[in-house]
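Following this line, the structures themselves.
Next come two complexes, and both contain chain A; in the first it sits with chain B, in the second with chain C.
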Partner chain A sequence: MTGHVKRAPSAALLVALVALAALPWFGESYTLRLGTIACMYAILAVSWNVIGGMAGYPSFATAAFFGLGAYTGGVLLARGVPLVLAIATAGAVSFAAAMLLGWVLLRLRGHYFAIASLAVAEVLRELTNSATELTGGGMGLNIPLELGGGASVAYEASFFFLAMWALLLVCVLAVLAVERSRLGFGLACIRQNESAADMIGVHATLYKSLAFALSGVFVAMAGTLYAGWVHYIEPPDVYDILLAVKPIVMVLLGGLGSIIGAVIGAFVFLGIEEFVWRNWLQVHSGVLGFLIVVLLLFMPHGMVSVGKRLRRTPSVPAAGAAAQLRADSVRGAGHG
Partner chain B sequence: MGELLRLESVSRRFGGLQALADVSLSIGTGEVLGLIGPNGAGKTTLVNVITGVHRASAGRVLFEGRDITRLRPYRTARVGLARTFQVVQPFPELSVLDNVRAAALFSAGGSMREAQRVAEEKLAFAGLSDMMALPAANLTLAMRKRLELAKALAMHPKLLFLDEVNAGLNSAEVEQAMALIRQIAGSGVTIVLIEHLMKVVLSVSSRVVVLHNGALIADGAPAEIVADPQVVEAYLGKRYAQRAVEAAQSGTTR
Partner chain C sequence: MFLQILVNGVVLGCLYACIAAGFSLVWGVLNVINLMHGSFIVLGSYLAWGAYHSMGVSPWVTIAIAAPLFYLMGYLVQRGVLNRVMAAPVLVTLTLTFGMDLILNNAMILAFKADYRKLILDPPLGTVAWGSVVVPVDRLVATVFALVLTGALYVLLRRTRMGRAIIAVRLDRDAARLMGVDVPVTYAAAFGLGAAMAGCAGVLLALIFPISPLSSIPYLGKAFVVCVLGGLGSVPGAVLGGLVLGLVESFGAMAIGPEHAVTLSFALLIGFLVFRPQGLLGKRGFE
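And now, the complex of A and B:
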């Protein structure tokens, strides 16, 4: 019997992800930079997929989590705290903040939740701006991170790529585990019919808050890594609204609710972004927007649906088989 | 027969509308209680208040002697209350099996494997074993009603509310549903049956209560209830009620 999730594509995804780790041995610094951003984007997309795709709540809080993680981790790094500890702290702070926030915000549904979640980044940005002593305010924050014994630029590029890659791997494994767990099952119920989920005993508020927190924890960790990588952060950079919008576009490109789709969507999005940026520097955001609208128009269910459609075409269409089964059962019931 | 559920002067207002007015009711273990009343009488609201979807504006709800007035639906689901919805509420993208599995899993808190076993058992009972792998959205209305039933049963309810399980079914399907309800009652589950089809109410219920404009106006054995002029009036208006009384009298004098 099948469960509520399919298994085969995730194995393929994991193999592809593991293969990606070989990049530092082949790529130059530009490829590595691109690879690091690709992994970061994929973390944002896979994370957003938990709240947006699995629970069905359109969150715009990704930028808030990213900024919160960048500043929590950044402040700690600037004070000499080891990177791993800074990342863990950023994750924990973000998880706790998201649980509290989720408990309140997730009482809102649909558009109302979207707008409320959008405001979170603005509030955090203002807080960061005004806490000048701690964060450097609008001046930004310098993060002189020492990777040990006179590290070369090439070494640093490889290091941050591998760190971001490892974080993506952990993120994907965690979300895959969640999808197969009781939590993932409950979220699927909530997405499809929240009041019915409530009626069968799903603690919807708790589950939604957990989903929201999970959608924040890896994003915040990626924020810390980003801060360490670029050595300098400022509020408009890490609380950028585009950080909230891009993951949604990536997930929609890949296929809503699919983890493999989110990863593919993130990589493809970065590919298009980079391509457009190189060729149409002056109008790149316009061209990018146009391309995305076209892609979404022609692939409303994302790229994973293309694979499904190709596989389905030669055999009997699924809907026909279902109708057949239904007809059989009606006949069976008539005899009974 | 012990008391399972007790309502003490339960009221519920929606703004200016008094949906439930001072409803007191006791339901004993093992009863099949028919809850009837004209459209808008407050039947579904009563179920919503008991299961925690709406909170009572006043009064108390006691289940097995425990005050559950303020429990949210996910909590009442876990103490042993289950319901089917008037408008069926499946998880459309989940398979039929997963729909029932979810109900077993989240209401009881057991293992996934245990939930699977319970789900298969209840689906067999509801006659849906052949449909297990289909998405719930593909089922016909009659099957979706049976799926609702299987979901509710998978929660191991002590008290089961069946809200219009027969609405929209043809007579053969109604017969099947009635047989299922009798079987459920026979297994010891207390049932509150909300129903428009009098044939079903009268043949299945051990006791009937009538709700009208949010208040209970009658409570008794099925045969008494249909003869109650107040009930006839609530359904058909005063003139018909009088005529019915006259007809009954002339019938006895002749």
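And now, the complex of A and C:
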């Protein structure tokens, strides 16, 4: 679906992202909080898109990376390591762990890969729970982070918004670069036909592992920032399975395989989520479920589908996407 | 002590087999991982709890009510929703059943609150002892029922017309269609059977474990592990996988402490996925 690179939308996306940096000069704390979460969600969605959209592997490991990053960075921050160093370490640890895991898990396909990636978060959660001296176990981990600057609420809100925003910018630039690179081309080959890709000389195992690691590294960094931002993390919070599912929903909302779609999907998803939280707190997870069902049944190509339906002109890319979905399903059935 | 742990493991294993048999059937035949399975089980537990405490219906009778009720529910869910995405990739079906599970689980929290409830038989059934081995009678009865139910599923698949159609679709969907098997109906029947097994397992588990909407994820996790251990889509595989998991958990809990039981079972899961993804009894066929 992303076989040809679309330059205009990418440029528009970058302009919009850069403009977003002005938010601290206009918004109050609540807006900044939403903005920070929006950037975090966008990082999760864009990252997932590398393994899920570009390589076509249904990964549920986002929660594992987020928790790993939150705890690696959180433990370091709690010991007084500077924020930038903590983020870098979390990214490096997650990259290494993902390369290692990827080498093993990415031999699986379809359901088996999905479950194995889901299980990683469960194992990490239990390990975090039982390593009480290091992580505080089920009691959670307090992260007292001194930022300086008078430590006012407004300053802190702006600081973490800008930090998360900068991370999103780096993440989007990195993924855009990957999409245009040899790696991105190789991943598209793998998505379409892995055996054929292997045969024409794409080092599938290495490429897939790299994609998996890329889908983890920025998520882990976002996890560290999140830990520093909320000052307190606990295993059920940062290894939440919803953290693995929400990015998928965001990407599907924006259209599978497109970076700009992932960012827009994340923002729209947050908008819906916030609206539901405000109005129907008791049933927010049910409404989220309903949204997922409607999305998957009636909008298979994300929000673009709505426009297509209204115009009633089946365009060529849509047909290509449908064929892609079918091809994937045949492959999934063969190995699942 | 060894004997006691062995018995505990076997009791647990039979219950796990019953939890996983329906899940395995749906996964094997429809190629869909039904993430609602855990919530179906909890719903079955609530049915048993409600029937016993508000109407005085014994759980043994509730099983007979739960089976057709859950079958119907599963049949309708498959025909109404899942059937629309049967040709879609793994990601879509997984996420879809996840979304439906969110709805179902939220509905249960609204209806029953998240408090833990317990079905308490009056009078209690007590315990039996052979030498040093002590087993609560309610567990024993639940285990026997779990085995009977799993056996019934096996017989149903081997002996009935519907069962043979399900197996045929699993082996080769296109050939089955050419032989005149109505594939969508067969899918719905298989999904209905899976739901019925989950509901009945839930009724049995209500006798032993506290009931809460929060239990659905752990039940689902067990079903996953058992399926991967035993091999996908086979009843004997589910029984073997269930027994292995039950024994590993009870011996593992003694050896390295009960707090590591979940880590152990998931480590087992990943190990099997990587080194023997077809499971202990894995074959393409379904017997």
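The rule we apply is simple: the second predicted complex is superposed on the first by the 295 of 336 C-alpha atoms of A that agree within 3 Å, B and C clash if a C-alpha of one lies under 4 Å from a C-alpha of the other, contacts with A are read in each partner's own complex, and residues count from 1 in each chain.
The rule we apply is simple: a residue touches a chain if its C-beta (ideal position, glycine included) is under 8 Å from a C-beta of that chain, and two chains touch if they have at least 3 such contacts.
In this text, all values refer to a predicted model and were calculated from it rather than measured experimentally.
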item	value
Which superposed partner A:Leu253 touches (first chain B, second chain C, both, neither)	neither
Chain B versus chain C as contact partner of A:Leu297, first or second or both or neither	second
Touching partner for A:Val245 - first (chain B), second (chain C), both, neither	second
First (chain B), second (chain C), both or neither touched by A:Ala116	second
Partner chain in contact with A:Leu288 - chain B first, chain C second, else both or neither	second
Partner chain(s) touched by A:Ala97 [first = chain B, second = chain C, both, neither]	neither
Touched partner set for A:Ala196, first chain B, second chain C, both or neither	first
Which of chain B and chain C A:Met54 touches, first, second, both or neither	neither
Of chain B and chain C, the chain that contacts the larger number of chain A residues	C
Footprint overlap on chain A, where chain B in one structure and chain C in the other make contact	325-326, 328-329, 332-333, 336
Chain C residues within the chain A interface of the complex	27, 31, 33, 81, 84-85, 87-92, 94-96, 98-107, 110, 217, 221, 224, 228, 259-260, 262-263, 266-267, 269-270, 273-274, 277
Chain B - residues contacting chain A, complex	51, 53, 72-74, 77-78, 82-83, 85, 89-95, 97-98, 102-103, 105-109, 112, 116, 127, 130-135, 138-140, 142-143, 151, 155, 172-173, 176
Chain B contact footprint on chain A (complex, rising order)	1-4, 182, 185-186, 188-189, 192-193, 195-204, 322-323, 325-326, 328-330, 332-334, 336
Partner chain C, residues of chain A touching it in the complex	52, 58, 104-105, 107-108, 110-112, 114-116, 119-120, 122-123, 126-127, 129-130, 241, 245, 248-249, 252, 282-286, 288-293, 296-297, 300, 325-326, 328-329, 332-333, 336
